[in-house]
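What follows is a pair of complexes built around chain A, which joins chain B in one and chain C in the other.
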Partner chain A sequence: MKDMLQRLQRDFNISDITERQLRLTTFHVKKQSAETLLRELRDREGYTHLNFMTCIDYIEDDIFTLVYMLHNYDKKNTLGIHVNISRDDEAMISIHTLWAQAWTYQRELREMYGIRFPGSPRVDEDFCLEGWDQIPPMRREFDTKKFSEERFGHRAGRQSEQPRKHMKVELYPNRGGDEK
Partner chain B sequence: MTQLTGHSSALDFAQPEPVDMASGKYVKLWQGPQHPGITGNMSLELTLDGDTIIDCKTHVGYLHRGFEKLMERRSFIQNFTVVCRIAVPEPTFNEYLYSHAVEQLSGIKIPERAIWLRTMNLELMRLASFLMWIGGMSGAFGQYTVPNWTTAYRDFVLDLFEEMTGARIYHMYIVPGGVRAGLPDGFEKRARDIMDGAEKLLDQVERVMFNNAVFKARSKGLGIITPDMIDPYGIVGPNARACGVERDIRKDEPYLAYDQLNFETITGKDSDAYERAYLRLQETRQCISLIRQCLDKAPKDGPFQADMPNVLHWKIPAGETYVKAECTRGEYGYYMVTDGSEFVRRVHVRGPSYTHAIAVMERLAVGNNIADIAGLMVSLHTYPPEIER
Partner chain C sequence: MFKKTLNTEDTLKNSGLTDEEQQLFSNARPQAYEPYPIKAVEDFANWARANSLWILAFGTGCGAIELRPLMTARFDANRFGVAGRPTPRQSSVFVIGGYASVKTLKRIIRSYEQMQGPKFVIALGICPVNGGMYFDSYNTVNQFDQYLPVDLYITGCMPRPEVLVAGIMELQKKIKAGECNGANLYVENFDWYKSNQKKVIKNWDMPDYNW
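Let's look at the complex of A and B:
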């Protein structure tokens, strides 16, 4: 493990190597080297399983951190590869040719964060949100409360915590709360 | 055990060519989101040439409730009421992994008794989930006796959950720091009785379902997963084990009390719908054995909760973790990033259905008959809510 990380440091200039827990190590790599590094890990180091791919929005630093989680079944090791990309120029090299499932993650990241993955299949098709016309909702600046109030209107809370009273006053005012 | 030889360059990752719908030769048919042959609320957009599927696209989003987003705005303990809803038939795995991730980031060690109670709770969940799945699989091939048996028997397992946790579906039993309660009086005997009954039921299921000529004829050879698909598609759990790939997190990287339980990883040979179903039947039996072992070995007294900070003002040190467990469908994982505040920075939930129901399903469906699509889908054992999170 140590040898591999040293070699990756030399060849790919990886940084911030952190052992998070037993069998989980994370490090950063530059955007330009990420695809080659992932290919190297898959083909030469046995990290053949892409656990998942996701994104963290560090709005205060104006960056997105893409996370590729890879697992080596033989060594029982997991690597979290972090790639910082600018929130303004939110584009990343697609890895759909490395893993047959990667395009689904990229499609979701496109919808939820607005990150572009040029060449990734069906990347601009709606994933979860059909007809979404707001900013990508997983970005930190998207305010779920404000959105729901604007879209669905304000719904007043109950006046009483007593269900019987609530039914009587709010739902069946003309029937005295009697459902018979 | 099948030896994997890395990535096959011959494996075709390319998306299918668009179908010329204007030619009038093909029909488009939507299976779901409301359809008895679909697992949960999702839909398959099928393009048919006669009754043969030539293209399949999975559509999700009918259950999207934005859990991962919601979790960024709620305190750690408030999130606890959200996570169990991510996989409806198996909430316990979400409870465990969320709690485990929080405990790992905040350095909390849980008591021995809680470890055993968690293990038993997870195995009971596996049993309940498999019983429901057997019913779905059998129903998808037109056998309606078995679903009545297994779904009804699942209710006895839910009775155990009700006794143990106070709830039948969303138990919220495994909490950060341990579990909420010990076992009630007489639970062990009732659990053993239900396990005995479940074992007899599975024998009957095997006779009625797996020896049925129609089920065999229709499920054998359907939706074959080959070993070279496993890593590129991220296939895990029984779907991978059924083609001989010996991978089970409980065995490979034991968590909770699994290293003290006696069991072997079950594998198959050709991962078609029949093989996958039969493997799950064997794993259901194995599950009963694991529950019995938990009942034998779990400490009868002692603390079941670690000392916890005031959860209303709980701040967790900055960190990052990925925890995983073997659910009925394979690797289920929680990736959690904290920044030292009262809120989680990011949670990503990795469910096996994400790849099984989309990339794998779209590939396996092509070339099959429309009548077999429901059986194929259930044989992959997918839960849409864990895709949409």
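Let's look at the complex of A and C:
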């Protein structure tokens, strides 16, 4: 494991190697070398299974982080490969040639985050959201509550309580909800 | 070519369909149910309806999991004349199992309109009432009765099968009393319901009424 990571560090310039759990290690890799790295891991190192791929929106840093989770059945450990892509140019190399099932994930990411995967099959078709006409809903600048109120409306009479405050009032009514 | 369109003045536009598809679907409006003129006959019909409620086996949300035990020996909904049906054409009760996402709502509308009358809708759980825990979701409708008429609400998250049995008994009472007129409500306010539906379903590519 250590040898492999050192070799990857030398060949692919990976960074931020973190051992998150006993059998889970994550690291960052540059966007350009990501596909070659994944191919190397699949063909040479035995990480033959793509658990999932997903995306994290770091709006503060102006990046999306794509996460590829690979599993090795012989060594029984998992690698998380993080790839940062810019929010302005949100495109990534499609990996459906490496794992055929990846096109489904890529189609979902295209819909939920608006990340482009050129060449991925059926990537521009509607997945869960049919006829969506707003910015992709999982982007953090999308105000889902405001959108819900505008499009679906709210029934009058709904009220929500802060549990902590509410219980204080319930438990100490004479003290105006004050504990002391 | 044989045209299946009706030449009456008051027809539906079916504007979501292409010209070719327009020939294939009916554009007639739904019609309201008129009760039998003799009250005793209508009462007898209602009694019969109340005792053979056939539920459409279309699990539309997480609440659909509560429909499965209903048929088992423990709850045995068969003693109330309840049975599951695989197709809308044979069923008379549509149980909305919890939240309805926009994508599902389209299928719900399509299935509901294909059901033969008399038909009843039970809304299960809190989500059809006010959105429940999905009140701020980008994809879940908050007030289900804006899109389809609801005859009976069973609230809770999740309601147990016992409550569903109680709800079915309540529905039977209402049917016997002749109070379940949701389907007629839908016909009478058809344009209002349809405009609400089209406000949330943006890719309307089906006929305005699915006969």
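Keep in mind that, in the parts below, the second predicted complex is superposed on the first by the 156 of 180 C-alpha atoms of A that agree within 3 Å, B and C clash if a C-alpha of one lies under 4 Å from a C-alpha of the other, contacts with A are read in each partner's own complex, and residues count from 1 in each chain.
What we mean here is this: a residue touches a chain if its C-beta (ideal position, glycine included) is under 8 Å from a C-beta of that chain, and two chains touch if they have at least 3 such contacts.
Predicted model, so just to flag it, every value in this text is computed and none were measured.
*Asks:* Quick check on the superposed pair: does A:30 touch chain B, chain C, both, or neither? Answer first, second, both or neither.
*Replies:* So A:30 meets neither chain B nor chain C here.
*Asks:* Name the contact category of A:75: first (chain B only), second (chain C only), both, or neither.
*Replies:* In the superposition, A:75 touches no partner, neither chain B nor chain C.
*Asks:* Which partner chains sit in contact with A:50 here, chain B, chain C, both or neither? Use first/second/both/neither.
*Replies:* After superposition on chain A, A:50 lies in contact with chain B alone.
*Asks:* Is A:129 touching anything from chain B or chain C once the two structures are fitted on A? First, second, both or neither.
*Replies:* In the superposed model, A:129 contacts both chain B and chain C.
*Asks:* Regarding the shared-chain residue A:67, is it in contact with chain B (first), chain C (second), both, or neither?
*Replies:* After superposing on A, A:67 lies in contact with chain B but is clear of chain C.
*Asks:* For the three-chain arrangement built by superposition, which of chain B and chain C touches the greater number of chain A residues?
*Replies:* B
*Asks:* Applying the touch criterion given at the start, work out whether A:144 contacts chain B, chain C, both or neither, answering first, second, both or neither.
*Replies:* both
*Asks:* Which residues of chain A are in contact with chain B in one complex and with chain C in the other?
*Replies:* Dual-contact residues (chain A): 126, 128-130, 137, 142, 144.
*Asks:* Quick one: in the complex, what on chain C touches chain A?
*Replies:* Residues 101-103, 106, 129-131, 135-143, 146, 199-204 of chain C touch chain A in their complex.
*Asks:* Please output the residues of chain A touching chain C within their complex, sorted ascending.
*Replies:* Touching chain C: residues 126, 128-134, 137, 142, 144-145, 147-148, 151-155, 157-158 of chain A.
*Asks:* What residues of chain A sit close enough to touch chain B in their complex?
*Replies:* Of all residues in chain A, those touching chain B are 18, 20-21, 23-24, 26, 42-43, 46, 48-52, 54, 56-57, 67, 69, 73, 76, 78, 80, 96-97, 99-101, 103-105, 121-122, 126-130, 137-138, 140, 142, 144.
*Asks:* Can you list the chain B residues touching chain A in their complex?
*Replies:* Residue list for chain B touching chain A: 4, 6-7, 11, 13, 15, 60-61, 64, 66, 68-70, 72-73, 104, 229, 231-234, 247, 252-253, 319-322, 324, 331, 333, 335, 337, 345-346, 348, 350, 354-355, 358-360, 363, 388.
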